[in-house]
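Structures incoming, each one as structure tokens.
What follows is a pair of complexes built around chain A, which joins chain B in one and chain C in the other.
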Partner chain A sequence: MSVRSTDPYRRLNPTAIPYLFILPVILFTVFFKFIPIGVSLLLSFTEYDMLSSPRWVGIANYAYLLSDNDLFWTSLKNTAQYSLEVLPANIAISLLLAILVNQELKGVAFFRTVFYLPVVTSIIAVSMIWMWIYNYQVGLLNSILGLFGLGPFDWLRNPKLALHSLAIMRVWKGVGWNMVIYLAGLQGIPRYIYEAATIDGASAWTQFRRLTWPLLRPVTYYIIVMGLISTFQSFGEIYAMTQGGPLDSTTTLGYLVYQQAFQYWEMGKASATAFILFGVIFALSIAQNKFVSAEMN
Partner chain B sequence: MKRTALLTILIVALFTTAVAAAPVSIRVSGWSAGPEIEALMREQLDAFEAQNPDIKVRYEPIPVDYLTKIQVMLAAGNAPDVFFVDAVYAPQFMATGALLPLDDFMKKTGTDPDIYAPALLDAFRYEGKIYGIPKDFNTMVLYYNKALFDRFGVEYPTKDWTWSDLEEAASKLTKTDGRAVDNVYGLVLGKWPPRWLSLVYQNGGRVINDDGSLAITDPEFMEAFRFYTDLYKKGIAVMPSDVGATRERDAFGQGRVAMAMEGGWAIPTLFSNYPDLDWSAVELPMGPKGRGNISFTVSYSIPKTTKHPEAAWKLIEYLSGKENQIRILTSGHVLPSMTELFEHPHFADAPESRAVMAGVPYSRPNQYGRYSQQVIDEIEKAFDAVIVGKIDPEEALKKAESNLKKAMK
Partner chain C sequence: MPRKILIYTLLVCLAVLMGTPLAWMVLSSVKPNSDLFSYPPVWLPSRITLEHYQHAFRAAPFARYFANSTLISTATVIVNCLFCSLAGYAFAKYEFRGRDLLFYALISTMMIPFHVILIPVFIIAKRFPLTGGNNIFGAGGIGLLDSYPGLMLIHLMNAFGVFLMRQFFFSIPDDLLDSARIDGASEFGIYWKIVMPLAKPALGTLAIFTFTGVWDDFLWPLVIITSEDMRTVQLGLQVFQSQYSIQWGPLMAATFAVTLPLILVFVMGQRHFVEGIATSGMKN
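Let's look at the complex of A and B:
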């Protein structure tokens, strides 16, 4: 009894201990996420160049962006287009890869690792490699196409091509991540369902279409939501490879925020742009949620 | 007893020297333009510390994203006591009161502002006060490849060339009838506007008027822009990427173009990367309204938040002083901001550097008001729109103007 009462842990409220464990994360999130986000929301209603004090301008920044700003609308369009190109390709390829690496083959772990490697590589390092692949004169891609008498194409400096070139790279970089998620989903589907289907004479394609795809729907939903959020925020590859050019053809909202804040000294407009981006992502997520819950019922 | 006294004296002595020698510590930052430049900076700071034992200097070079880092440090009140300010964004720093005016220090230490080239010092003047001392500079010159000129039998450029001489020579120096890799062009263009805005000044135009309004759709600007982009359309000038080069100076160095309008910063690159190239440089050609050029300069400045303004000024005074400027000019990397040093014997055998210095008196600083970066970006987009997008130059400039007007409200 006496031993117990001197034990400091015993005297704590039992529910306090878990909170202690997550305290570092809570502190980090509050100080480095919530507080900056709150300050940024306030700044979005000001004019602030980081040198003089912020000046309250009400909704002027939002009005400027939404009413007559070509670059903002171009960026929004580019962002949407980028997501629409990256996501479907990413889903199709990562599902295919997941099905492939789900086979009981020798050395399959090796392929899983290889497909996952781009995910753990820094986006800047990946961008540098792809800049070389896309190089107009000495690039790998143009050299290969040249063997078939195609090209050369100026992948990153042609305003009609640049965004697609970035999208291809982004798919390559991202499929490994979704492959792993799909793989987990596939392994969660009980084997007997397929056995039953085989006995009923369903072909492999019918099994995929009628069983695998519907049973993976929650996984696909998760991938779409997370994929939209991450592609809508894309910045690193654009900063490294095209700086938003040529002719603004690769300026996404994420890059626009950076440009306004750190090149044009317009922290207020940058914050407003960031909150509009937040609004767009939020609205899309809600819409998907509604759509999917209706589907699933 | 004697020993105790001696010990006491020693201890007292120890403390007094420690107090007397407690040096003021200041920080200095600049971007890092490579290991030689960093080593040169350290050498200058060591010499300063040797002369001023009461001031310790910590050198904190910033390798990438210099401006971003300085902005954030200024906002956090944590900026270095002395740092580089590029003329292009100096107006923003000066107008927002981020920098300390230097006039009082200059009066106190008897530093005469007139020893610095006026075109350079003016870049750091705002409402009658001086906010930075130019450390060095560059202007644009016309580089030419002597071997190509000889091969095509064209006379070397002189400083009295006009736009039509330039165009005529460029067309004579263009040869595109062989294999693509053997093609040679008269001139290489650059899309970064400060590379070609000199032409606007040579045509009597402006980028920004004195009252801060835009002048990019004035006829003088439009004509110069059309002249420059027409060289490309006529096929006698190319972009670096058209001949497989990344930078203008590389297209020139690789002998793919006969001429390049480039800053003096290309001189060291050409000497070190293309030692076999037979080349020289002259002042830019004259336009319809005479001479015009852009000076690129950087100052040493002090942030308002510094705790050691006196020590910071001492350092600036030393770095921009004559003794130190002679040290760095003989290093071959930079040109001195003191007019007197333009005549330094080091330049006797350097006609290229003399051409760069000759451009200073009639140059305008590379700055375009408080919205410098937006102005440069929009004009660059207009250039891209003409070259890549095949848009009419006037239309492209009108679009740039309307975008800028919205941003500058």
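Let's look at the complex of A and C:
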């Protein structure tokens, strides 16, 4: 996109200047991103409690986690389930919202703001609000369901329900963000494509299925990858609402890393867990990329 | 016309569903306790009371938490606007060896889950030389733990911010920069006096993103803050939780107080914000 200039004055620039301009950001990235990744990888092969120096244990941490650690496998399963519940619902609803607020209608800006406000609200604030709504005795949700003779349900303390309750909340919080990204995608689709389809007599649903959805595929890919990265790291809502319980039913990998590192001070095991988390996200992103490019051809 | 009605009906239903939790928070924060715990639920308060707000601000030094969060968020915004724009400008408007490689290496860091670097960054903060009682080798004290610089440390620069600024700087014509060069302006002078004033909309977006990111951050403050005085607003909300029974009225009051600044920032900067996400969402 950048216009390549052949202007002689540009060539006269001391070549060091652009490097100087990017230096602070590059230094920061090296010291706070790249070196930490390397250190984390090294730590994952050690036993380290931050008091004595790290002791090399080879692949023992990985072997421990992957072979006989129930909590690790439960966390992995919970994390995967959480993402699988949150992402499809999020994509469906955010796309619907984007299509609705993309209409040229009066008052659409107001609706866009309403849908977006949960994104602005911090995950901890959101957790507090939903703990109140999910409260067993006096919560809004049970009160409303009670009017229809349903419930009460113990949304956050029933091991069968807790993860789903968190997922519903997370969808509510996240759809506004993806709505805006889909909106940008929708606005990038030239209008004449739809006009041509309308002349050909295609129904609104056919237009969506044959035009909108395929044309938005790169956006959907972006949303899935970013969604995986963020749901796989979910921590705040779990810390604030369930502390991983009841019966580890909401312990995710992100929460497990925190527990291992800052409650048990097992930095080696925590690093190994974090690296497995990283590996899973990476593999899923690549797989998703392959899948999308295969489908586009 | 029926299509319009259908769309409005859908919009209103969805707005009610999406808006209820936040509305419930606001309503709960101004209801007397008798309304708060009545069954069936009372939507509108029988009288409006501010007692929960008074209670919340008495239960914890919330003024201090607000000051902490405001200070670190604002300082981080300034650092980000300076260095992300400088780098974004270089990536957009200069040609130099390794430019694309460096840029993609930088962008790829957005894929790194924070959990992966959490422990090493914690160690860096703890062993930061000559701070918090540490000697030059980073031993002996607590380093940057439990401090403002520590809270800001991981947010100081941001690959996404560089990306955002670079996208914006592509739109600035080269001729403008070249004519300034002919007039004898220095390279830094061009950036500071010509490019930066033009970049206000993009800087506004970056500022909102950064402010929100720092204000809402939870895991990092949770890990490095130990003393009560250094808590951020997000940590402060936990105060109501550690007690045996949660006091819902004050908790909702505090939650609203913590959220309100961001809602205001968003509503005021809404246009920039949405455009910013649009630019970055589309990637190149």
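Just so we're on the same page, the second predicted complex is superposed on the first by the 275 of 297 C-alpha atoms of A that agree within 3 Å, B and C clash if a C-alpha of one lies under 4 Å from a C-alpha of the other, contacts with A are read in each partner's own complex, and residues count from 1 in each chain.
Definition applied: contacts are C-beta pairs under 8 Å (C-beta built on N, C-alpha and C of every residue); 3 or more make two chains touch, one makes a residue touch a chain.
Remember, predicted model here, so these are calculated numbers, not experimental data.
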*See if chain A has more residues touched by chain B or by chain C, and give me that chain.*
C
_Touching partner for A:262 - first (chain B), second (chain C), both, neither_ = both
*asked:* Contacts for A:293 in the overlay, against chain B (first) and chain C (second): which applies, first, second, both or neither?
replied: neither
*Go through the superposed model and pick first if A:235 touches only chain B, second if only chain C, both, or neither.*
second
*Touch check for A:103: first (chain B), second (chain C), both, or neither?*
second
*Using the superposition on chain A described above, determine whether A:219 touches chain B (first), chain C (second), both, or neither.*
second
*Regarding the shared-chain residue A:71, is it in contact with chain B (first), chain C (second), both, or neither?*
first
*Which partner does A:136 reach: the first (chain B), the second (chain C), both, or neither?*
first
*Check chain A for residues that touch chain B in one structure and chain C in the other, and list them.*
50, 138, 262
_Quick check: in the complex, which residue numbers of chain C touch chain A?_
4, 7-8, 10-11, 14-15, 18-22, 24-25, 28, 36-37, 39-41, 83-84, 86-87, 89-96, 99, 102, 105-106, 109, 111-124, 126, 153-154, 156-157, 159, 162, 170, 173-174, 178, 181-182, 187-188, 191, 212, 215-216, 218-219, 222-223, 234, 237-238, 240-241, 246, 248, 251-252, 255, 258-259, 262-263, 265-267, 270, 274, 277-279, 281-284
*In the complex formed with chain A, which residues of chain B make contact?*
65, 67-68, 71-72, 74-75, 92-93, 96-98, 241, 244, 371, 373-374, 377, 381, 384-385, 388-389, 403, 406-407, 409
*Touching residues (chain side chain A, partner chain B) in the complex*: 49-52, 64, 68-71, 136-138, 154, 157-159, 245-248, 262-265
*In the complex, chain A residues that touch chain C*: 1-5, 7, 9-10, 13, 15, 17-19, 21-22, 24-26, 28-29, 31-37, 39-40, 43, 50, 96-97, 100-101, 103, 105, 108-109, 111-118, 120-126, 128-133, 135, 138, 140, 143-144, 146-147, 172, 175-177, 180-181, 183-185, 187-188, 219, 222, 229, 232-233, 235-236, 239-240, 253-254, 257-258, 261-262, 267, 270-271, 274-275, 277-278, 281-282, 285
